[in-house]
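Before anything else, here is the set of structures, which you'll find just below.
Same chain, two partners: subunit A is paired with subunit B first, then with subunit C.
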Partner chain A sequence: MSLYDKIQLEMKAQEPWPKDVRLFQPYEVEQILLPDNANCLAVQTFLKMCNLEYKVDPRPNAEAMSPTGKVPFIKCGAFIIAEMEPIVQFVGGKGITLTESMSMEDKADMRAYMTLVNNVLGNAEMYICWCDDETYREVTKARYGSIYPWPLNHIQVWTKRSEELKRLKVLGWQQKTLEEVYNDVETCCQALTDRLDKNDFFFGSKPTELEALIFGHLYTILTTPLPNSALADTVKNFPELINLIKRIEKTYFKRETNH
Partner chain B sequence: MGIVHAKDLSESSKYQATKTIPKVNINYEECEETKELELNVPARVDKIHVEGLGRTKNDIVEDALKDIFTANTFQEVLHKTHTARQKLNSLSLFRNVSVHIDVSKGSKATKDGLEVTFQVKELKRVVGGVNTQIGNNNEGSLVVGLKAPNVFGRGERLQTEYSYGSRRSNNYSVNFIKPFMGKRNPVFTAGVYQHTSEWPSSGYKQLERGGLLDFGFNSHHLLKHNLQYDACIRDMGVISRNSSFDVREQSGSTLKSALRHILTIDLRDEPIFPSCGSLLQLTSEFAGVGGDVGFLKNDFYLQANYSLMEDFVLQGTLSGGFMHEIGDEKKINLCDMYYLGGPLSLRGFKTRGVGPQSDGDALGSLCYFSGGLHLYTPLPFRPGKGGFGELFRTHLFVNAGNVADTKSEDVVEQLKNNLRVSSGIGVAIRLGQMARVEINYCFPHKFEQDDRVQEGIQFGVGVQFV
Partner chain C sequence: MEVIAWNGDYGLVSICPDCIRLITYLKFAKVPAEIHYKRNPYWFSESRFPIFRTGRYALTQYSSIVEQLRFMRYSLDFGLSCKNCSETLALMCQCTKMLEPLLEYTLWLDRSNFEQLTRPWYTKVMPFLLNVLYIKRRQSKARDLLEVHFPNTEDLTTLQGYVRNMAVDAFSMLSTRLGKNDYFYGSSPSSLDCMVYAYLAPLAKIPFPSKEIQDLLKTYPTLLKYVSRIDEAYFSGLRDDHVYLKIEAKDKQQDESSSAPMKTKLLALTFVALALLGYAVSNNLVSIPKIV
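Let's look at the complex of A and B:
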């Protein structure tokens, strides 16, 4: 790409938010897995917090369509952007941000907490889906393979599992026991509760992408039926976080259903 | 056809390299007795000797040779011996087969008795080769081939091929081939393969992994049938971020499970630069026996050659295809569609340059036809006549073709309207008995605004040209 093209792209990226933005994700009812669902919900919450219009477009092959191989991704004009962080940056490029009034320190803090949530909650969800035998057998296998014909479903699940296990192994998660994973989640939630203290939001009086991310993960953990509810029970021990989630749900999602 | 061997690997040419029976050097002066034979004299074959058999089983050789005993005249003996020799060659058991016919001697010899001796040399247990290949996306690759001919003594062979490309494409195929005895030349093939391909003109790349079962036989002397079952997993992805969203929407894995029937009638004298005869190939494919890809596809390819005068050959070709969806449950992917344009199907247009597209990426159509009329002549002033020069031909050509959507009613009307036409002149070069290279200067005459034309020099490598 020549410099001219790049500049053109940059210029176009700064155009206002178009009306026909679509967010692509797997089918929520029969296909999506816990970690993907958390990420999709986080991005949706962020877009709602920014008051940006979008339409959810469920596709069985959303994962393969995504430029990074991960869901969700949005199509905004000619641009295709996948995953939370790049989407936040892209939206920021249009001058829309939730962190305008925040100091540099707070911003760095917020990023650190987002990394914590991604690392702990994200990996814990991955672990439950792919490493925990019971969940893998009863939930993951059927849901991930649901869009493929036999015998491709078994092949795809098996390939995906070995990929995810390899990734978790590199991160040092595969060796953990279920108990250790729950402990990590507990520690993470404790850290978040401590930071939140008695305030409504983490930073000031307005939610940021951190709240969007936390909402995505915790709401999904709390509402997804799994053979073992220990993960949801761990989260339920933190009433401050539960209240935060209820507030966000009421503000950004309940309104729609009332209409 | 995406890839062409720079080196001839075809079975037929390898094993039929010595088409004429080699002259046996006999010093007639040293012979005790010589006998002159008229071709139509009565003759009877008393004995057939086969020398040089090792691991090859007797029954398969007997089966190929027993017809010789039915000959009644010397002419028939010659004819049947020649047929038997060709049959032995086609079984790919031996590296070399030579025949020697003599009058029969000894106490049991009859009056018109003859003895036929076949001298054969068996192929080695394992043969292999390393060569290089250029695909049509300018990807060079290294090919390692390994073959175990005549594994169990009845012509069974195991072939493996592995190639590694400069763009990291990783292809392999393993095939087991088992010819059966009998009049109809039945051959059974089972294989697995992995194949990667990139289509910049359509903005996608794909990895195919699958297995193929093939049963080939002749229902008549010249009618060749192939019944195939093909199961294949295709992983499709976009080539770059700039690929059209319509292409991106089709990314992912699909499973094709298809039955295929191929009928071939080949009456040509040569596969690459024929001077007479015609070829008809009909392919029907039904995908949707399991899997999530479904269609019914019918293709034809027709080629006719007429020798006008010495070395001037007029060739007409016509190919076409028509496909249907079957039900809403099964998909048709980009890679299943027909594409028109490029040096193999419609010269003067870029590869996949005709038909529906989205952001410059060709999306394919459900129906197409293309035809060509060629006048082949040898090179001007005939350099290298009878030798090297025979690898070259100059040709004048006219191409025409069009695509249509089978979902709407008037397919014929669609094909008739906005017909694409081009013409040109060029040089064609034969690569072994398998493929040919063409360098043409093309003039597109009729085209639509969206078509990607290629006026001027066009280069093409392939197996089947229109």
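Let's look at the complex of A and C:
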């Protein structure tokens, strides 16, 4: 790419938010899995918090369309950006941010908590979907394979599972028992409650992308029906977090659900 | 109570970050444990270091060892508030995500570091054949970890760029967070300090042939001072020089050029001799007396 092209791209990146931004994700009702759903909801919440317009465009092959192989991704003008962190950076490049009044230390803390949520809740969701036999057999297999014809559905699910298991093994999660996973989730929720410390939001009086991420994960965990409801029950023991979720749901999605 | 850990070198208490982390924890919490430094993990049934033994237990996972120590009333974080404990958890998560791949990359995947330092070091320290096995296993482990953190990056130069950016991120985050304090939470060390020291000390002290990451670290004097502060306070007996392997680029090259073909020759000779013998036996040129 020549320097001129690069400058052109940079200039375009700084243009205001276009009206035809589309967010691609798998079908919510019949296809999407717990971890993907959490990430999609987190990005949607973030865009809503920034007051940015977007249209959800469900596609069965969203995962294969994404440049990183992960959902969700947005198409904004000439740009295609996947996953939460790059999207937050991209939106920040247009001068839209939720963290402008925060100190450097608070920003570092916020990123650390986002890593914690992604690491513990994200990997726990992955574990439940792919490592827990009951959930894998009854939910994951049927949903993930639903868009492929026979025998591709079995092959695709099998390939995806071996990929995810390898990933979890490298990160040291595959060796855990279900009990240990629930304990980790509990520790993480306790840490979040302690940091929230009876305030409305984590940093000051406005929500940040950390709240968007937490909302995405916890709301999905609470509302997704699974053969084993222990994960949702673990989260339900933290009323402060539930209240936070209800507040965000009411403000940004204009609806209420009983958790 | 006893702990078995990797031998140290270059002024490090141990060469392996997990071992450093545990030993630092023991020193900070003043746990009266005997520490044995060994050079071959395959000698033990766990086949990895560190091993923590007390009574009937033998543990290798850092988290379960700390859990056990807490159960025995040795804890570092008793003095911290709930909010600080919660922050510690988040920061430890962040450190693992950033510093672990950074160190794994620097030791096992960076080409000149691996060829001139890591591989010869382990080759020299561990017994023959087991060292080959161990080096292979560790390198593929490092490759898997980097693959998880930076998926679809086949090209080493691109990967190097990512790792470099991550190092800048991690160092600046840690030095802002540390500020002018002695330790992350005031004047006494916490479990977060064990982790940060365990990852930073090897980066600061090992004389890596490719100095990119090390030069980056040198632009953060707060972090270097932090490492030497812990050294002085808790590891004052350690000498800074090499024990097993001296890094001198020229010597190394000669060494390798003379030793590598020797091994290959021996292997080839054995193979040829076996093949000839096999051929001779199968064509009845040589008869082997039957033992009845």
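Here is the rule we go by: the second predicted complex is superposed on the first by the 254 of 259 C-alpha atoms of A that agree within 3 Å, B and C clash if a C-alpha of one lies under 4 Å from a C-alpha of the other, contacts with A are read in each partner's own complex, and residues count from 1 in each chain.
Note that a residue touches a chain if its C-beta (ideal position, glycine included) is under 8 Å from a C-beta of that chain, and two chains touch if they have at least 3 such contacts.
Predicted, not measured: the structure shown is a model, and the values here were computed from it.
Look at A:Val56: by the touch rule set out above, it reaches neither subunit B nor subunit C.
Of the two partner chains placed by the overlay, only subunit B lies in contact with A:Ile155; subunit C stays clear of it. Once chain A of one complex is fitted onto chain A of the other, the partner contacts of A:Thr187 are limited to subunit C, with no touch recorded for subunit B.
Once the two complexes are overlaid on the shared chain, A:Glu105 sits against subunit C while remaining clear of subunit B. Counting the residues of subunit A that each partner touches, subunit B and subunit C differ, and the larger count belongs to C. In the superposition on chain A, A:Arg167 makes contact with subunit C only, not with subunit B. Applying the stated contact rule after C-alpha superposition, one finds that A:Thr68 touches subunit C and leaves subunit B untouched. Once the two complexes are laid over each other on the shared chain, residue contacts for A:Leu116 go to subunit C alone; subunit B is not touched.
Judged by the touch definition given at the top, the superposed model places A:Ala142 against neither subunit B nor subunit C. Against subunit A, the residues of subunit C that register as touching in their complex are 82-83, 85-87, 89-91, 93-94, 97, 141, 144-145, 147-148, 151-152, 173, 176-177.
Residue ranges of subunit A in contact with subunit B, taken from their complex: 59-61, 63-65, 67, 75, 80, 148-152, 155-156.
Subunit B contributes residues 233, 236-237, 241, 245, 248-255, 290-292 to its touches with subunit A in the complex.
Touching subunit C in their complex are the following residues of subunit A: 68-69, 104-105, 108-109, 111-113, 115-116, 119-120, 166-167, 170-171, 187-188, 190-192, 194-195, 197.
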